[in-house]
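Next come two complexes, and both contain chain A; in the first it sits with chain B, in the second with chain C.
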Partner chain A sequence: MIKLITKSLFFGIVFCLLLMSPNKIIAAETVEEIIVKANNVAYYEGKDGRSNVKMTITDAQGRNRVREFTILRFDIEDGKEQKYYVYFNKPADVQDMVYMVWKYLDRDDDRWLYLPALDLVRRIAANDNRSSFVGSNFVYEDISGRGLALDNHELISSEGDVFKIKNTPKDSADVEFSYFEVYIQKSNFVPVKAEYYDKQGKLYKIVEAIEVKDINGHPTVTKSKATDLAVGSNTVIDFLNVEYDLGIEDEIFTERYLRRPPRKWLN
Partner chain B sequence: MFKKLIEFSFNKPKTIIAATIVLVILAAFQFPRIKVDTDPENMLSEDEFVRVFHHEVKREFAIYDFIVLGIVNEKNSQGVFNVETLNRIYDITEKIKKIDGVITREIIALSTKDNIRQGVVGSVIFEWLMNGPISNPRQATVIRDEALDNPMFNGTIVSENGRAVCVYVPIERKNISYRVSQEIYAIVEQEKGDDRYYITGLPVAEDTFGVEMFKQMAISAPLAGLIIFILMFFFFRNIVLIISPMLLAISTVLITMGLLIGFGFPVHIMSSMIPIFLMPIAVLDSVHILSEFFDKYRLLQDKRKTVFAVMDELFTPMLFTSLTSAVGFFSLSFSPIPPVQTFGVFVASGVMIAWVLTLTLIPAYISLMSEKSFDKFKAADSQSEDHHGIIDNVLSSIRRFSIKRSKLIIALSIIVAVISLYGITRINVNDNPVRWFNKNHQIRVADKILNKHFAGTYTAYLVLAAKDKKAQVFIEPKMLEYVEKLQKLLVEKGNVGKTTALPDVVKKVYYELLGGDRTNNVIPKTKRAIAQCLISYENSHKPDDLWHMTTPDYDKVNIWIQLKSGDNRDTDKVLKQVDEYLKNNKSPFEIEHNWAGLTYINVVWQNKMVLGMLMNFIGSFIIVFFMMTFLFRSPMRGLISMIPLTLTIVFIYSLLGFIGKDYDMPVAVLSALTLGLSIDFAIHFIQRARELYAISGSWEKASKELFKGPARAITRNAFVIAIGFLPLLVAPLIPYRTVGFFMFMIMFISSIVTLFILPAIMTVLPGIVFNKGRGKMLCNCKYCQVIAVAVSVAVVYILRGYTQVSWSAALVVSIAVVAVMGGICSKISDHKFCFTGNEKEEKK
Partner chain C sequence: MAKLKTLLENAHLLRYSLFYLCGVQQVRLRVHLRMPCICTFFNSVLVLSFLIVCITQTPVYAGFKIGENGPRINGFFENDLGLKLGNDSTKRDEFNLFEQRLQIKTKLYPEWNKALVDWMAAIDAKADFTVDEYFNGRTNAQWRLLNLSLSPVGWLDLKAGRQVFTWGTGDYLFINDLFPKDYVSFYIGRDDEYLKKPSDGIKASLYSEISNVDIIIIPEFEPNTLFNGQRVSFFDAFQGGISGVNSQRTLNEPSQNPENAEYAMRVYRSFESYEAAAYFFRGFWKSPRGYLDEMNRVLFYPRLDAYGMSLRGPGLGGIANAEFGYYNSRQDDNGDNRLIQNSTLKFMVGYAKDLGNDLSVGVQYLFEQTLDYDNYSSALMGADYVWDEYRHLNTMRITKLYKNQTVRAGLFIFFSPSDLDGYIRPTMDYDLNDALKLTFGANLPWGEDTHTEFGQSEHNKNIYSRVKYSF
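Showing the complex of A and B:
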């Protein structure tokens, strides 16, 4: 859901900010409206989108690991089904690896992993979206978004220029947090920060937008960071060359293309 | 000077007593500042390589020391894999997470570990092994089968037979282990059902030992004191009089401990034993004084005269017995182990404090007693006539026997010595902190049961590091196969229960990705394939688990080795197996290896300690020899006085070899005590023999006197201390039992050896013992040669102890020293200074 600042890169609806006065927003928005808008800003900007991503994982000892990949996104319908294609460039040993997601709202996502060195396409069972994304401090759900229906939402503050929304999972057995709070900018509905509290009620993880740019009229997070307070590690993602509405073909997001990366979209 | 001191003490008893009380109070004021350190790791200094490396490994691979909680169910047909037990374990794990000081995210348990397995139609799943409470038995079976199928968990979290499960509880610091273990006990005690709970692991054993040790210290030292008190009453029948040695012992212990704490030294496992070491030493001299006083008072009937007569007689032997004990302990200060140094210095100081107090407090105390109270001596004398009679009868039989059968005794001693030397060769050097507890202690029990079910609760880490840090050596297939082969070999050899390392993860992920077919349980053929398996593994809930096993640059691997035994001896075998493997199998890339882990650290300090103690022992042996040579004005007499001590030590240590008791830390430390205490009787005996001989001029006559007062004092001392420490034999902590055993044996054997062998030698070699040769020892060429040999041994000792000189070089040097000294000796003995000296002697 909202939290995914990270993903905000992936862009969708053109926000006609000019047409709405901030006051009007505050007065009019219900929690549901806020989170729906924020979700759309975070994950559904444009009809499709692509970005080159540089991910820097820094562990508690200050050691860095860098992963570089390209993300392609295709929306079937705003706020609903969409598809992701993640192609890895670096590290060199994992070049050509592809990770693909078909995201649904009413059931578990379909996920595939293509491992070129094993010449192997594996379905990854997606019964748990809280596992790490390639060893980073982001989880899969951060990348493709957490279903809004999984949580109860509560507007706990609208002071200043952000909405602060508390999200409590309906089924707490599935997740490692007890709740999380998301800060959403009133001006553009970009979720700029999410704070996760563990089952003991202690803040243990923060996901935040470090840099937000307007790209072709789409408010876009171009740099975000996930910090694990307990471990002392963090992951920074730089979204480079973010583009929207390129006309990426639906057929690319199929098993066939895992082994045959669509070069024209990947550079 | 000392005479004046004794006189002053007798004349101004109140001043002395007041001064002592002030000192004791000052010392007592230091006690609240006590710092306790029960961490055996501190046996090594902080900058010791293995310690530095251990902490580097812990940091680099994010490893923590852990407490092992085992849950065992022998009743249920499914073992622990039934719904109730698993849910209980889940609850317990959740509660453990809340304990202060526990590294929650690194707990290793069913509910905290991620598993990779086959999902529906050709998919793989990353899934918590146990995601929450379960409701039906089928889930329990699935959890068991999945855990057993994962090389990371089988034998570590789950026992092969499904009867037991382990929770590894990592902690921030080792010194909270005891507290955390108590909190875990409190949690599991609330649980019902057939499950049994066991807690073990080196940190908890070591920390618990520290806690119990202090309790034991508070019980043992006073208890030994009480028994010594009762025994002295049995011998002397005068409560007021025998209070004095008790006060002396207590003052000595308090002042010494006050000094230790006041100087800011932490009270370590070693220093907690100071009271129990000082107690007998402090009492020894006073028992000699009381014994003589008791006997002499009946003749002199005047306390002043008696005190001075006794002090005059005993001054020299007391000085030398104290000095030898002090030297024995002080030599520990050259040990490479900081707590042992502290221990040695403060026991040595305590010995000298006890000596000063003996010269001051005892005369002052006697001075304050009314003459009337000594009247009881007469009564006591008649009352105790029986046991006096028995002791005297026995002693006089010993006298007759050892004089008549002197050669037999000497022959027997040689035979015993030879057999004992054989026994010493069978000594096993070994230690294991878990074995410091007696067999029924819950930690010992837990250790036994959990190591029966699991691959081992003892942990060592073997780190392999590539010389070329950039080459990502440890994702090269050849390199992983090399590591895998080493792992297999270690388990086959039998000392290692299980190893967990990078190849296990790679293989597990690889065959699960390929559909779960075990024929693919191998290391993939290419570096890219391995890298891709690993990045797949990083998609789990706990990607950081990978970094316990390797580095992000893949330039190092950390092999987690589980051992079923914490015996240093067994760890040692594993070290050798690894060395052998690395030597005989060339690594495809250049690597170096190092060890970490508490089990390994114990091996390192033990080796240092054993070798260090041996060196210290040789050193103090030489020093004591020089002191004896000086005291008795002859190296031959010096050698003779060392015989009882040597036989005592050789005999006691041979027992270790014969009965199979390990040479461990307490035994090593006790060698200093053995040396210091077992020379005491010989000093008293020879010194008095020479004095008596000087009076009577006949060994036959002197021996009769010798076997009255002095031999009686020796016997009384031996009884008081040997029996006083017997209760330690049932102490719950094994090191205390060892101390009790040694005290008993030292007193028992050295008194017997002194009373039998010394008279036998005096009978056979009266000339040497009673000084009929040339006056100056350097003038006797033979004596001079003995000193030459001793000097060369000393030189070798110093070379070996303080420099890196090899044995052969040291040997050459020592031979050279002997030769040179030999030359000097013959020169000196021809020198006129000897003749003039001799003539002077004769004129006198």
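Showing the complex of A and C:
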């Protein structure tokens, strides 16, 4: 009897292994490995990158506002420090404005805002990561990433072709959500959806990838949407002309180029 | 359906526009039609046509291009209206700001010579055209910017021509930024952009691993724009008190010759997240701090050297800054000339923090000490006004954004416990859409004495509104 059970168990395992797709084997990875990979796919593809961004903010009454800017990114080390340069084109009253971030993992980011009308480089405090980015439904953290060490991560499902991971903040006083769940595609580790739950446990915000493309071997979200369910507003971002590994110089991300935008990377 | 939506949007706009127009009409009644009719008519036509353009056309957010590969033209059109709350002896009592302004700007990249391309040549041009109802519809055109930038080698940027120079760490407080400011614009409610006046000069920026250096040469002196009694009343020692159009001072500017060129330098670098800078300035006081001829009421701008330092970086969960400056009043080294401002010490600390929920606050403290004060006091004559040795000034800024950051409420307060004066500046901005913005604000200076910085303009309290269409 025992022999029979052992035998069937053995065949059962072999049968299962045979049926398993490569994706299923990946499922054996730990939750830490998954989120590190997903974080790298979302924020660290290539050594550097650039994209023209069109952001359409639609309020609850259906009125649209449009922001157009160019993002340049430079990675010091994958998964670690990186720099962002955001140059605004539209609307007209913020044209030539530049927002720059030096992102760290072990301390607050350094951030600067260049206001062209005043020719003023302003330092901005970096403790408002959950504030709206230029009035949209995206927050600063959605643009430059949320530190993985800030949350406890739990793999709650790996059914189908996505991992579903629950992220609970270690310090809930800093954030407006109680937890958020991220859906990560098994095939390429692209996070395709994040659902945020408020302190009462009610779903109130969704950030999702609408379109994912392969650009020079890099899986890339080219259209994404953030929806505020409570207010009824949403923001759609189109990432246009995404390019990687252009050789963007480290020195671009300095005060010098806030005042003198690097034309060759912005067109 | 789409048409209906556009129509509804326009109706929304129209509502606010009419509201604004009504505001304009009310002012008309208040001024009892004192303005020349032609000017009123001109203004109405401008405002109306402007509103019609705004309402009937889809906003042109990104300006327009001249030709296929031509330069992009951007700018704005605005109408400013500021009502005066107090009466004094300035030119008008009813309002001190009523003007239409058109700003046009462009950036050109001249490429007709290989050197220009290699040197990344760029021309920045920005011009303002104004119709100023305060002076009976006086028109004015001014280049705000007209300069050429070049980078002949990798470590050097040059910018020559008309440009706005500014540096330092203060918020509305300037220690080492000794470039010209327009305080009249500031007090009557023009946009912050107009606080900083352009200068004609050359700026060389040198970059290296060790530190960066900015060197500025201004061949022709440009003073601060200060109250002269025409639009804003002020303390005039010659009149023995607050003075308006009755002020009869003459301000003698340094003549244009190589000896009177101004020089400024900043050496700066970062240490981790902290930015440190050292400053040097050789030129003139930007305000007339010396009496040239008391009998004939002539003031002048004495020579000034300034040395300073600043530090800015993260601290206490926000951004902290500190700045120091030593002003050497070169024509009164010992401070014993009662007709010329003494050397002065200035020190400032500041702190700003985002409190989340689109709320941010900032506080600053400024300390000023007149040096060689004993020499100054003993040189004073009987009828002279006596200035204090120390001045303490605190400021606070609160900014809160509402409605997806389309509404911005701001409050800036100056308060000096030593001068017993202050200045409150509330503002409210509302973005009607990406192109059209409404601003309401007030300028409320007050003081116990008539001769202190804010106390002197106590009668110039005003509320203002601005409608601005950017393209």
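The rule is simple: the second predicted complex is superposed on the first by the 241 of 267 C-alpha atoms of A that agree within 3 Å, B and C clash if a C-alpha of one lies under 4 Å from a C-alpha of the other, contacts with A are read in each partner's own complex, and residues count from 1 in each chain.
Keep this in mind: contacts are C-beta pairs under 8 Å (C-beta built on N, C-alpha and C of every residue); 3 or more make two chains touch, one makes a residue touch a chain.
Being a predicted model, the structure only gives us computed values, none of them experimental.
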Using the superposition on chain A, decide if chain B and chain C clash or fit. clash
After lining up the shared chain so the two structures overlap, which partner does A:Asn89 touch, if you call chain B first and chain C second: first, second, both or neither? second
Tell me the contact category for A:Lys170 with respect to chain B and chain C: first, second, both or neither. neither
In the overlaid three-chain picture, which partner chain does A:Gln200 touch, first (chain B) or second (chain C), both, or neither? first
Examine A:Gly62 and indicate which partner it touches, taking first as chain B and second as chain C; both and neither are also allowed. second
With the two complexes superposed on chain A, say which partner A:Arg256 touches: chain B (first), chain C (second), both, or neither. second
On the A-aligned overlay, A:Ala230 touches which partner chain: chain B = first, chain C = second, or both, or neither? first
Which superposed partner A:Asp108 touches (first chain B, second chain C, both, neither): second
Can you tell which stretch of chain C collides with chain B among 313-321, 331-339, 367-375 or 385-393? 313-321
Overlap of chain B and chain C contacts on chain A, residues 59, 63, 65, 91, 93, 117-118, 120, 123-125, 127-128, 130-132, 134-136, 233
Show me the residue ranges of chain A that touch chain B in the complex, using the header's touch definition. 59-61, 63-65, 91, 93-94, 97, 113, 115-118, 120, 122-125, 127-128, 130-136, 140, 173-174, 176, 199-200, 230-231, 233
Touching chain C in the complex, chain A uses residues 57, 59, 62-63, 65-66, 68, 89-93, 95, 102, 107-108, 110, 117-120, 123-128, 130-132, 134-136, 233, 255-256, 260, 263
Can you check the complex and tell me which residues of chain C touch chain A? 5, 9, 61-63, 74-76, 109, 120, 122, 149, 151, 157, 163-166, 191-193, 196, 205, 207, 212, 273, 275, 312-314, 317-319, 321, 352-354, 356-358, 360, 401, 404-406, 431, 433-435, 437, 468, 470-471
For chain B, which residues count as touching chain A in their complex? 59-60, 62, 94, 97-98, 104-105, 114, 119-128, 131-132, 472, 475, 510, 513-514, 524, 526-533, 535-536, 538-544, 546-547, 551-553
